[in-house]
Amino acid sequence: MKLAMIGLGRMGGNMARRLMAAGHEIVAFDRDADAVAKLAAEGAIAATSLDDVRAKLEQPAHWWIMLPAGEITDATIDAIAAGAQPGEVVIDGGNSFYKDDIRRAKALKERGLDYVDVGTSGGVWGRERGYCMMIGGPEEVVARLDPVFAALAPGMGTIDRTQGRLDGQTDPRAEQGYIHAGPAGAGHFVKMVHNGIEYGLMQAYAEGFDILKGKASDKLPEDERYDLNLTDVAEVWRRGSVISSWLLDLIALGLAKDAKLEQFSGHVADSGEGRWTVDAAMEEAVPAHVLTTALFARYRSRVENTFGDKMLSAMRFGFGGHVEIPQ
Amino acid sequence: MKLAMIGLGRMGGNMARRLMAAGHEIVAFDRDADAVAKLAAEGAIAATSLDDVRAKLEQPAHWWIMLPAGEITDATIDAIAAGAQPGEVVIDGGNSFYKDDIRRAKALKERGLDYVDVGTSGGVWGRERGYCMMIGGPEEVVARLDPVFAALAPGMGTIDRTQGRLDGQTDPRAEQGYIHAGPAGAGHFVKMVHNGIEYGLMQAYAEGFDILKGKASDKLPEDERYDLNLTDVAEVWRRGSVISSWLLDLIALGLAKDAKLEQFSGHVADSGEGRWTVDAAMEEAVPAHVLTTALFARYRSRVENTFGDKMLSAMRFGFGGHVEIPQ
Amino acid sequence: MKLAMIGLGRMGGNMARRLMAAGHEIVAFDRDADAVAKLAAEGAIAATSLDDVRAKLEQPAHWWIMLPAGEITDATIDAIAAGAQPGEVVIDGGNSFYKDDIRRAKALKERGLDYVDVGTSGGVWGRERGYCMMIGGPEEVVARLDPVFAALAPGMGTIDRTQGRLDGQTDPRAEQGYIHAGPAGAGHFVKMVHNGIEYGLMQAYAEGFDILKGKASDKLPEDERYDLNLTDVAEVWRRGSVISSWLLDLIALGLAKDAKLEQFSGHVADSGEGRWTVDAAMEEAVPAHVLTTALFARYRSRVENTFGDKMLSAMRFGFGGHVEIPQ
Amino acid sequence: MKLAMIGLGRMGGNMARRLMAAGHEIVAFDRDADAVAKLAAEGAIAATSLDDVRAKLEQPAHWWIMLPAGEITDATIDAIAAGAQPGEVVIDGGNSFYKDDIRRAKALKERGLDYVDVGTSGGVWGRERGYCMMIGGPEEVVARLDPVFAALAPGMGTIDRTQGRLDGQTDPRAEQGYIHAGPAGAGHFVKMVHNGIEYGLMQAYAEGFDILKGKASDKLPEDERYDLNLTDVAEVWRRGSVISSWLLDLIALGLAKDAKLEQFSGHVADSGEGRWTVDAAMEEAVPAHVLTTALFARYRSRVENTFGDKMLSAMRFGFGGHVEIPQ
């Protein structure tokens, strides 16, 4: 089908390419004219403004928005809505907060427009492997867009089917790599929790490798020290172990290139999803120790010493002075 | 080669079968004569005592011990050592604490015997998929046993090779699913950390699904509630997402069979490796928030309310009474 | 001075009594006429409506609001503002979220009214001991209300002065038990963090006593078991130890009454402040492991087994089956 | 009574002084002859060797050992035991691991000697305030030493009595600041948990103040920023608030001297007790999230960036590259 792609950064550009490769027509727009020209050279229909995009689409127009931050996404949706005809559909494929989706869907509904939110995982590998998608929005609109989702998704590929999945109780799209999770916001909500889990998984591996590395310390008894080859440890765990995963594949790749990871500062950024996941846990009164502590580990990685650390020292000085026997 | 398998439980029995399928000869012994008879019917050489095992092996005898607990393993090793000829090799394939390996290796060395520790992952799936193995012990003994490890290991199979692995700096065995990690204890140490990571990964998924499930709560605003199909969520994450993993495959399998997991009590056991990993972190002064908190979540799953919980209530009563405005 | 007290629950009633004891005049109002009558019998000026309150105050009127929940507080403030004359002052002494204070102060300012937020600690003991107060709002209004705060505060009492406090760099009111923390919301913000710390302190004691109690377990080696008298342990720590505190006094009191704390269910409630503190930590990217985990421990105390626990069991079943040697 | 004090560092020296002030006779010994001479000038009986100490004591001799580390304590106990007459008593007032106490008590018992372990809190303030003591050992020996403990303890002082303590069910010594906790090791065990709690309390305050301090950040919306006077906040919380404590007194003192705590590096040491407390929690399968995470915060304070942090960055690079929309 014919679809606008608004935002041609690495994610938007690659999605457009994957869609075109599957036979869809893409009307491409970005504030950066070079990005538009580049994609047009690969077969996209270039547009010079949102109005121009609309002129080049068929009604009802479908807009896939792939922008880096919430404010720009909101502004773009407002601009599209201002000139929209009833029945047009806005699809936000970025990383929006699911409560923003709920708000947007309501506002658009009042104008006769539909809104679909798509949480997407797969990163820079998605163009080749396909994108795992979690979708929120009205049933019939999601159904109408199925060819688009099917083209973006990885499909069943070589991954084994899960035994015992029951027809009628499960969504066959899940096996193709996308689901219709529920109404507005449900897609980004599931994606948000996905990223929260991702933080926890990453931190679990990170701590494990820290313990392996620390085992070479000369503070340990000599016969309890091991100078382990972490590149090989990561590799062997990929093969038949209970903790094999795609993240472990990436660890193995990273260590194969640079066994000491010296190119990385270790100041680890965090995106909104981690914080939102903790917020959700608090709203639901669900204890989420691991996901939260994984987020805090990232905060901690970005500072050297906190005021709180100094306060600990100050207390220790206060009660212990320079005593022979520390408290 | 010819090898004794001592302990024919599910793990030992299946390993023996996998070894025989690869052409190795197994002298099988277990306290349970039925288990011995069963394996003999599949081609193993039955033995009725440790002495009988030795009589049926060639010198230097190689003993693979696959027993459930440390004390039995220790007693068995002592019994083997008592009658051993110099050069015999004891291989512990169970879940021993690595400091026990160090102690045993020293004691056996004094008698001219060798000791190899093998941490094994793969569980009930290992017979078919192969076992991921982490090996500690003397270089030349591990090399001599290579045909055994190669037969037990999964081999390269269909898992992609990691790009950039350098010859000479990495161990080619890692790509086959086993490594020689270092001297005595190194195998079980790496396996121990593996299990520590496993705890963290499992808890990360568990918390994420708890947050997904809690999102249906009628305590939340109506338009922020989602009644998500967790079976489908697990399935879709297997396909192209950043958090795909073998554990997630198992989750998808479990949810496909029983979407509410009602057959499980949720009282989660923990094996020694989780605790030992935390001990190791403390010996190295490595912060291991996630791995530790994952262990504590299991402890907490096994009790209803702690004395500490009641103490919190007692304090709240103490300072707040039945005040209108709670503290 | 003359002051309205709106809300005569345990907190509001006791504050009114403490203020009257110090010579202030209280115009008392509550939806519950009995509460008004009771306080009038103790010397307060009874009022039957907000308008009646205003009629009995002098201009500019000062309203101290002491209501249990945010929504009622908001509605009450709106009702007061609707009939207010310029210069009137609303003081919220409840447990409002500091961002609500900021919003309210702005809205009232537009009508020429002032707003003061007062975070209060002391609970049911406050009438006798005095209330520790953290105040936000305009400098001159807080100064004008100083006699009120001074009367409510504990004063210097028998608590030692902190050596080294410098005149000019510190607020002398702090030594009397109240501070002007900053502009609108600052009072409740400091109170909120206070409660966050309280959660952490409480949980630290709770865990410690859990470990003491668990030491009697017959799963431990016999000579490593201690059947400790926790009532005495709490008492002795009150006297000269580094961890003496008012919360510990309450623990000692609770254990003296009921050494097993059997009257308490251990289902521990949490108020908004704990969650808001974690939110603040996330907004600031400050790692707050202890405060957050203390909150999560309360969530966990209120459920028996989580879905996540069952998922852990399901995974363990998935990879381990009934194997002899658990993974 | 007459008592040897072995180890005249700040703790041992001050204890000796407090004992002498109460009329006890101290035979003083230290490897540092100057320390002995200094205490002799204050009234102690100087000794030049352990044998000399024994010669100057009456039988059965009582030895109070106050040494900084476990190994030296063990060596000293061995040396005393080697020349001891039956009935002599060794008292370890240092920070020994309680399992070492159990071992030592057994070994000494075989020689007809008694062993008492005393966990002591109070730090540099103890000489003046008295020492809070938790005692393990045989009932009759602890009873015989009561005058010594009574002299070291703070006594009831100005601290309020806990209402409801029942005669017969509680130990009256607790109100004087010392308890007989149980058999060998029980004293140090209770002291160990005390220190574990101390870690948790300290970290709770540290995190709270970190959040207060972070509230001035210019990354926050302007009307949500507060530049709080932390010196005053600490002071006001000492007065009538639920979180008042001796540690908070120390915080107030520290901030009064140096509001930015600039003299402290924030690299926070940890003593054995924190680790042992976590070990005990693991042996008992008690979840101790707060105490453990407080320990880990100290580990983290001592390193800049961990290998694990870098691994997180490596994974993020692996799946996200330089994508416009981060995962």
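By written order: A, B, C and D. Residues from 1 in each chain.
Methods note: contacts are C-beta pairs under 8 Å (C-beta built on N, C-alpha and C of every residue); 3 or more make two chains touch, one makes a residue touch a chain.
These numbers were taken from a predicted model, which means no experiment stands behind them.
Q: According to the touch definition, list the chains common to the neighbour sets of subunit A and subunit D.
A: B, C
Q: What chain lies farthest away from subunit B once each centre is taken as the mean of the Cα atoms?
A: C
Q: Could you put a whole-Å number on the gap between the CA centroids of subunit A and subunit B?
A: Distance between chain centres, rounded to whole Å: 31 Å.
Q: Suppose each chain is reduced to the average of its Cα coordinates; what separation in Å results between subunit B and subunit C?
A: Distance between chain centres, rounded to whole Å: 47 Å.
Q: Using mean CA coordinates as chain centres, what's the gap between subunit B and subunit D in Å?
A: Subunit B and subunit D have C-alpha centres separated by 39 Å.
Q: I need the residues of subunit B touching at least two other chains; which ones are they?
A: 121, 123, 198, 203, 205, 207, 210, 242, 247, 253, 285-289, 293, 296-297, 300, 306, 319, 327, in rising order.
Q: So in the complex, the part of subunit B that touches subunit C is made up of which residues?
A: Against subunit C, the touching part of subunit B is residues 7, 9-12, 66-68, 94-95, 121, 123-125, 195, 198, 202-203, 205-207, 209-210, 213, 247, 250-251, 253-255, 258, 261-262, 264-269, 271, 289, 293, 297-298, 300-301, 304-327.
Q: Hey, which residues of subunit C end up touching subunit A in the complex?
A: Per the stated touch rule, the residues are 242, 270, 275, 278-279, 282, 285-289, 292-293, 295-297, 299-300, 302, 306, 319, 327.
Q: Can you list the residues on subunit C that touch subunit D in the complex?
A: Interface residues on subunit C, with respect to subunit D: 99, 102, 106, 121-123, 126, 129-134, 153-154, 156-160, 162-166, 169-171, 173-179, 181-186, 189-190, 193-194, 196-201, 203-205, 207-208, 210-212, 214-215, 217, 219-220, 223-224, 226-229, 231-233, 235-249, 252-253, 256-257, 259, 277, 280-281, 283-291, 293-294, 296-297.
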